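Alright, structures below, take your time with them.
One chain, chain A, appears in both complexes that follow, with chain B as partner in the first and chain C in the second.
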Partner chain A sequence: MNAPVYTNLVLRHSYFEATARSRVAAVLDAGSFREFLPPEVAQPSPHLAILDIPGAFDDGVIIGSAALGGKPVLVIAQEGQFMGGAVGEIHGAKIVGLLRRAALEKPAAVLFMVDSGGVRLHEANAGLIAISEIMRAVLDTRAAGVPVLALVGGSCGAFGGMGIVSRLCSAIIMSEEGRLALSGPEVIETVAGVEEFDSKDRALVWRVTGGKHRYLTGDCAELVEDDAAGFRQGAIDLLAGWNEPVPSSAGLRAEQERLSRRRQRFAGMRDGLEVWAALGVPDPRQVSLIDRDSLVALKKGLPA
Partner chain B sequence: MTLNEILDSLFPAGHDVAVAGQLVAGTAQTARGTVAVLGTTDAAAIGHDIALGLAGRILDIVDQHPGRAIVFLVDTKGQVLSRAEELLCLNGSLAHLARCVDLARRQGHVSIALVTGEAVSGGFLSFGLMADKTYALADAQVRVMDLKAMARVTKIAHERLVELAGSSPTFAPGAENYLRMGAIEAIWDTPSAALLEAALAGQAAAGAAVDGRMRAGLARQGRRLAADTVSAVLAA
Partner chain C sequence: MENLEFRFAAQPVKPAAGAALCGVVGSGNLEILIRPGDEADACTVVVKTSARGFGKIWEAVIAEFASRHPVGGTRIAINDMGATPAVVTLRLGQALGDYTGGAQ
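Let's turn to the complex of A and B:
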């Protein structure tokens, strides 16, 4: 009698907890992934070795080509379980190389599975410069007409420079468990105090940086379930009929207008609950309790 | 050195630059004609207001003054550390600012950034490092994190980091390290009209800017892996 529920639990693979390799295998068409610079031909970071820190042959990021729903795509997947997915020299250069390849090859899209706290402090300058290069490469790839989709649902979220990079992508797909911001709550707490941001208050962290909040405010395009199938379908749905816009003053003026208006509308607020109430959510406390489909329906019903 | 002293040295032919809060904006005269001047002062922490203020002015320049060169003055201690700012997706506003700098480049505006004070992390990423070329004054402080804080976070002894910093430009603060790694084009002893005009002229002659920082880092032997890694990815 309980069998269907049990089966459901077994089949559900959390994207949040998965490794980058298993995400790639499950999000893309089965067997389609071909890795560039696989571990056999790659070298771990010498900058970590000099600090006596064990490296990884992929330096915490997997890149390659694959198919999504039969269409050719290029893929980047950061491994949050190695150094928090943080960007060092080789890690960053692999991403830049993949994006430049996409600008030349023009696949249907780049899927960027972000799972990163930002700059790898052990390679701080190399990481910061690499993130700047990734920023420009994302915009170059988009300007070449190739959409870049950010998938944010890993255990390290998308923070620091990788939070900026994610918002430079064509669109962001998030799960409720995903987090997207600039400074991590721990950093804010350390510098500005626990009264400013209590990083141990998980519910608060999610109300400020989590997928549901970012979805309600329009900072991510799609909210999906925390499994590879959800991200896969979300990416397929977004790409169907996607028209990558040409960079233009008019497009950026519209964004400037949107950001400025909301800056005024939500001025002084410090908690997602306040923002959701201002957006017209009848019972903001319900937001963290309801499932993904109900939240999508709730957003559709909000006043424009 | 005060902002006015820097402006007087860079633009002896005249400048009309206003400071609102810590946002710097205006125009100045050079041998190459009028340029736009934009940036921050007093080690500004970049939040939504400064990011959107700079972004809006860049869009005005693109719309109203086609081709006008932009000189960014960078003095930022990073992003504002605040829950309220993060609640409204501060990374999104910094990304928007970066896209505006990028749009100006695509529309034919030469851009030069000069680090006059501090250049830290997110604040540096959003506009200083988005310019065609980035320069720094000799006493500029460019960093992600100082070595003491880095020692705390990475749990590596401070003495060890200081020792390694002597031989590697990869992690320790300093404009010189960013120069060796290709992200800073040159370090100027003092703010100089001649150097600025040469930088603007050089960039204008180079035409549509491609990101040459990896190649520069390789040529200067400060970043030896990145350029070859990109080549390997393109050939894979």
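Let's turn to the complex of A and C:
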């Protein structure tokens, strides 16, 4: 008996399912990654050891230099499977150090593979300070003329302080599976009750935080398939035509103004479906069902 | 958390590069870091595990692995978040494969 021949199947490497190390290997030019502070010289978190919790050698984040389509880039990749990608003291210091290096070395870009629920609460103030230092470092790096691209498509999404950090980046690339918000669904439910937000309603969670919603509202610059090659091509395409002006306070004020108007426009809406209808999507229920290419085409046809 | 230390006699192994890391410290998973050690015919293992009271099982799993594979001349460090013995054996094999350049 002959083995069946599959010709139409394309081997895909899910970005959502992958570890941080395999994302780094698949998104960047093959063999180009050089890790800074690799596991054999790094120290696990001392805070977690005090709390009797095993740490990770890289403290849940990988930093280094690499090439993307032949251009030199610096890379940050958070590991969502270790403590939800949460930012502790060492984890944060590695990210800040890499961003400061980028401001000095001026690579073509920093790729920030975000996969995090935010601050590592076990490390309390050290984690909170780390997040604020990352925010400042992202803006300093952009001010030095280096674009910082956030890639959001991991199982932990980008929440809490890392949601803010992602929006401070020059641009965000998301997959449908990615999620981006400030307070996570379970936090909202715990604080405000299940009547306010049902975190078990996965479809609702994605309609409010997911990649398609963020793409329609303009919070992410590009929507890509859940595939390492998709994120790779998305980053290459964004950088090819890159001409972001260096961030200015006038620019930030204009953005603040735009967001205030948006907040008034969508006030009182409780579901992505309502927001999409207000944006002019003819049949909002179709948004969750159509594929990535159809959604990109749909967005192009929306009123400005 | 429990800290465990073991030492096994084993056939020497040749590393392809300096060190190899395999796995993630996630639920039911572990990370294994293999580095060159001091004694060519012995392997030392340090385990930090979230699950207390499984020292004898760790010893049996790693001893069995060390008897089947040349792991002499290595230092193995493990951070564990409740991996089962089968997962531990699988990751040890993957880590050793990476350490020797995919020869396993």
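Everything that follows uses one rule, which is that the second predicted complex is superposed on the first by the 290 of 304 C-alpha atoms of A that agree within 3 Å, B and C clash if a C-alpha of one lies under 4 Å from a C-alpha of the other, contacts with A are read in each partner's own complex, and residues count from 1 in each chain.
Criterion: a contact is a pair of C-beta atoms (placed from the backbone, for glycine too) under 8 Å apart; a residue touches a chain by one contact, two chains touch by 3 or more.
Just so we're clear, the structure is a prediction, and the values are computed from it rather than from any experiment.
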*Where does A:40 make contact in the superposed view: on chain B (first), on chain C (second), on both, or on neither?*
second
*asked:* Tell me the contact category for A:82 with respect to chain B and chain C: first, second, both or neither.
replied: second
*So, does A:23 touch the first partner chain B, the second partner chain C, both, or neither?*
neither
*Does chain B (first) or chain C (second) touch A:232, or do both, or does neither?*
neither
_Which partner reaches more residues of chain A (counting touched residues only), chain B or chain C_ = B
*Of the two partner chains, chain B (first) and chain C (second), which one does A:94 touch, if any: first, second, both, or neither?*
first
*Go through the superposed model and pick first if A:212 touches only chain B, second if only chain C, both, or neither.*
neither
*Determine, under the contact definition given at the top, whether A:57 touches first (chain B), second (chain C), both, or neither.*
second
_Overlap of the chain B and chain C footprints on chain A, listed as residue numbers_ = none
_Looking at the complex, which residues from chain B come into contact with chain A?_
48-49, 52, 55-56, 59, 62-63, 79, 81-96, 98-100, 102-103, 106-107, 121-122, 124-126, 129-130, 143-145, 150, 153-154, 156, 160, 164, 168-172, 177-178, 181-183, 211, 213-214, 217, 223, 225-227, 229-234, 236
*Which residues of chain A touch chain C in their complex?*
19, 21, 38-40, 44, 49, 52-57, 79, 81-82
*For chain A, which residues count as touching chain B in their complex?*
36-37, 46-47, 50-51, 63, 89-90, 92-94, 96-98, 100-101, 104, 119, 121-133, 135-137, 139-140, 143, 158, 160-161, 163-168, 180-183, 187-188, 191-192, 196-197, 208-209, 213-214, 217, 219, 247-249, 252-253, 255-256, 259-260, 262-263, 266, 268-272, 275
_chain A-facing residues of chain C, complex_ = 1, 18-19, 21, 24-27, 29, 31, 33, 35, 48-50, 77, 79-81
